[in-house]
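Take this structure, written in structure tokens, and hold onto it; I'll ask about it next.
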Amino acid sequence: MTQTIVPDISFRAVSKRYGEVRAVDRVDLDLPKGSFVSLLGPSGCGKTTCLRMMAGFEQPSEGEVFIRGDNVTGVPAYKRPVNMVFQHYALFPHLNVADNVSYGLRQRSPKPPREAVAKAVDEALAMVRLQGYGQRRTWELSGGQQQRVALARALINRPAVLLLDEPLAALDRKLRHDMQIELQNLQRNVGITFLLVTHDQEEALSMSDRVCIMKDGRLVQTGTPRELYDEPVNGYVADFVGKSNFFAGIAGNARSGLIDVALADGMKATGRASRSTVSPEAGEAVLVSVRPEQIRLAAAETDLPNQVAFRTQAKVLNRIFLGEQTEYLVAHEKLGEFMVRSPRQGNQALAFEIGDRVAVGWPPDAALILAKD
Amino acid sequence: MADDKIITPQKFIEELRRFQKGSVTRRHFLGVTGLGVATAVLGGAMPGLKPRKAYAALSGTVNLTTWPNYHNQENLDAFTKKTGVTINMNVFGSNEEMLAKLQAGSTGWDVFVPTNYTISTYKGLDLIEPLDLKLLPNYDVASQDQRFTSEGTIDGTVYAVPKNWGTTGFVINTKNVTQNPTSWKEFWDLTKGPLSGRVMVHDYQLTTIGNALKYFGYSFNSNDEKQLAEAEKLMLEAKPHLFAINSDYQPSMRNGDAWVSVAWTGDATQLHRDLPEIQYVLGKEGGEIWTDYFAIPKGAANKDAAYALIDWLLTPEINAKEVQAHGYPSTDARTNKLVSKEMLENPILYPAKDLLTNLEFGAAATLTNPLRAEIMARFKSA
Amino acid sequence: MPQLAPISRSKTVTALLVAPAGLFFFFLLVLPLIVVVIYSFGARADAGGYAPAFTLDNYANLPARGQAFFNTLTLAPLGTLLTALFAYPLAYFLAVKASPKSRTLLLVLVIVPFWTSQLLRYYAWIMILGSKGIPSWLAYLGISDLRIINTPWAVLIGAVYGFLPLMVLPIYVSLEKLDKRLLEASADLGANSWRSFLQVTLPLSLPGVATGSMLVFILLMGEYILPQLLGGGKVFFIGNALVDLFLQSRNWPFGAAVSTALVAIMFVTIVIYMRFVLSRGDVRRAALV
């Protein structure tokens, strides 16, 4: 007997239109069981709309939604086994903490017995470390505590998927960091699939097993944080996930996995295609993407390591001391300005001064040749 | 048939127009005026809150307090045209309300229209001015029917001059009422029997209790406790069968909800004029006859204008036009000569002599008897 | 003088701010009430009015108006309840279902009747409820000889009609500011729309219902025009008893005693009611959020 693992939620060519606006455009998506997935993208790209179609607050204009293999397209929110944590928590102001948390259980028919509800509430509150807060009024709680009540209120129902729409956006930096860790632990402990909407790329990369990147209603790339960082499908993803330097050029011929690119003013560079997508054709306009930490700096070109194939000269415009690293902004007369991050070298904390002429370069496998979009 | 039963939009608007014109009976205005009096009562209790008087004189306005449907607007307009004094008319619901307001003080009235049985009370409370007949050249004592004018004069001093007289009987819609009642006994018996739900009585203890007393043949003015107890019993028996207890009976009579109602002469004239099937009956056991007077309250601000107005309205040519409009008979022989023959022969205004002989004038004590007030309250709240 | 302490200055300001309302209340509420209470221990002057005395007779005599108290104390709460029952769906429609564009227009339509005289509107109802109005239509449906006008039912219908806007507006306000996300949260947690209404919308709009009910109840308790016109004088409220006592029989001391009793009953009712409403601190808080 073979057992195919059914995803907790699947989108099949789901679109959502509001008049002329295509808020979500032909999205295919699978949330594997027990995973922690982030939906990442700039404001207005359709993240919330996706979430609301999963919860059942909106119905797709086209396409189908599956929850654990069941087609739930058209099924109203109250009949779906998913729960949501709202951005501003949406706790019921007329109910105390315990009644908020037990709300979902009390909607079931037949109604579970009182003692069972009380026990479940205690467990749920313990899970979010709010033991003994049951009789409190929700408005007496701090923002972080309210956040945890909202979590307990959703998790007590043991949903197939927990949907979180920017749950941490309203918290201050320190609290947000604590909650990120807490969320991760919680997810591991309960084993429920979490879908986190965020436009904070650091949050997405640090917390999730998988990240889905959206742009203008479309899903651009899905993968592990490492895949997105190392193998972006295009310049948009490379730029969104971490910092990168981009140099425009025209792709040349590919040979043994490497591609030559003609840069401005007859300069040439070599790099590799992303493993997430097909190699660009010869003659195609491309971007050469190089992460700042992969660019090497030296006093003279001869000081650069051997594997550095692309070498040139540039001038230091600015530098920022970051402790273990120093970030330089350098200017190249043809390639323009770009960013370099150098690790600290011995005691020589700040190797170069502003105005110094330096040698710069990178090895071929540090340069990704990407389609523009 | 359908048109006959359902109120048409036109009819509805007509009714509203009537109301807006003020062509409605006394009780209509209880709502509005009642409020005014309530404020006056409290205001009178607290000297600091009394409104400023005397601006009436400065603005050349005369404040006339009277009953609804009681004047010919043409006459009032002509007065203003002649003298330049504008008339500010104020209509009231009952004699008690007038008394209550005058008792509370600071009415700002210049002329008012009390009914015969209240004048001695006003005099006793020192609320009205003695009248200087020299200032009323058009009033001629000699041409007055003495039967209707005696109560305006107390101890030889004239406090009020008669406006018109009238009776209190009942109107019946002969389209619906075939029994042809002629007595108060029949009135009450029909109420409790075949006409259940179709009869109205006044929200006025004087007439309602008085006419219940007539059922037993007692005096309209009886203050005898035993007799009053019998009247109360009759009233309480009849109450569930009444259509309404309301002195504003014209609308219900006109739209056919009510078929019978206790009524005053002028209302009967007006109803009959528009709906000939409505007839006026004076109970043969008797009932009430009354006179309304013009009087000037103590402290009237614009006395000169007050005299001028009274004199104007008592001028026979003018008074005849008044009678033509309100449908109450005049006390002045000179006026009667000028009233149309049709009116003079109208039995509603001038009932047969034998019917008049049994009628009684209301007495001051009848109005102020606390027991009667309590009986009325018990009757209404039962 | 120049170095006026800030505290005393702010006290002066407070005093100035409170003064108009304070004077208003003192002269138009407290003082008249004191006069009324003093009168209630007096005697009726022979020709009516007030004669100074100290007697408890007027209070001992209150049972003489027991029926009026009974009528008022049954019909006023019933009228309030009916008004709330009619007003709630209307307010709900306006706040939740109506499109924002038509909402303003509809709200204005709710208030428009207030622009004409109350008396005129009740006269219209006399005709609508009279035998040629609604009862004649019902006759076509086989319900004959139904009498509405001049019954307590007519008074209740008039109360619902007359006071509807006073009830609709506060409920509308409390429904309109209700956070729609709470309803999504409720649906998300498995409640269908009816249960969401019962468990979220209704409790959170109770402050509006409480405010509206209070307004309507107080006004109904003092009503006298409505029972006079639509009750045909056969439905007798305390207000009618007072009108008669002050304006007809001019028994001011007894009228004052009845007034005092009415004020006392209203005061106690309102205190109990407010206690109940305010004790639901969650609802009150929710109303503020």
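Details
All chains are identified by letter, namely A, B and C, in their written order; residue positions are counted from 1 within each chain.
Operating definition for what follows: a contact is a pair of C-beta atoms (placed from the backbone, for glycine too) under 8 Å apart; a residue touches a chain by one contact, two chains touch by 3 or more.
Quick caveat: nothing in here was measured; it's all calculated off a predicted structure.
Distance from each chain's C-alpha mean to the overall C-alpha mean is smallest for C. Which two chains touch most often is answered by the contact tally, and the pair is B-C.
In terms of their C-alpha centroids, the spacing between subunit A and subunit B amounts to 90 Å. Averaged C-alpha coordinates put the centre of subunit B at 34 Å from the centre of subunit C.
Centre to centre, using the average C-alpha position, subunit A and subunit C are separated by 58 Å. Taken together, the subunit B residues at the contact with subunit C in this complex read 5-7, 12, 15-16, 19-20, 27-28, 30-32, 34, 37-38, 41-42, 45-46, 48-49, 93-94, 96-97, 99-100, 103, 121, 124-125, 197, 200, 203, 205, 239, 242-246, 251-252, 255-257, 368, 370, 373-374, 376-378, 380-382. Residue ranges on subunit A touching subunit C, taken from their complex, read 55-57, 76-79, 82-84, 86, 88, 90-96, 103-104, 107-108, 137, 139, 153-154, 157.
The part of subunit C that touches subunit A in the complex is made up of residues 179, 181-182, 184-192, 195, 199-200, 203-204, 281-283, 285-286, 289.
Subunit C contributes residues 27, 31-32, 35, 39, 44, 46-49, 64-65, 67-68, 71, 118-120, 123-124, 126-127, 130-133, 136-137, 139, 147, 149-150, 224-225, 228-229, 232-234, 236, 240-241, 243-252 to its touches with subunit B in the complex.
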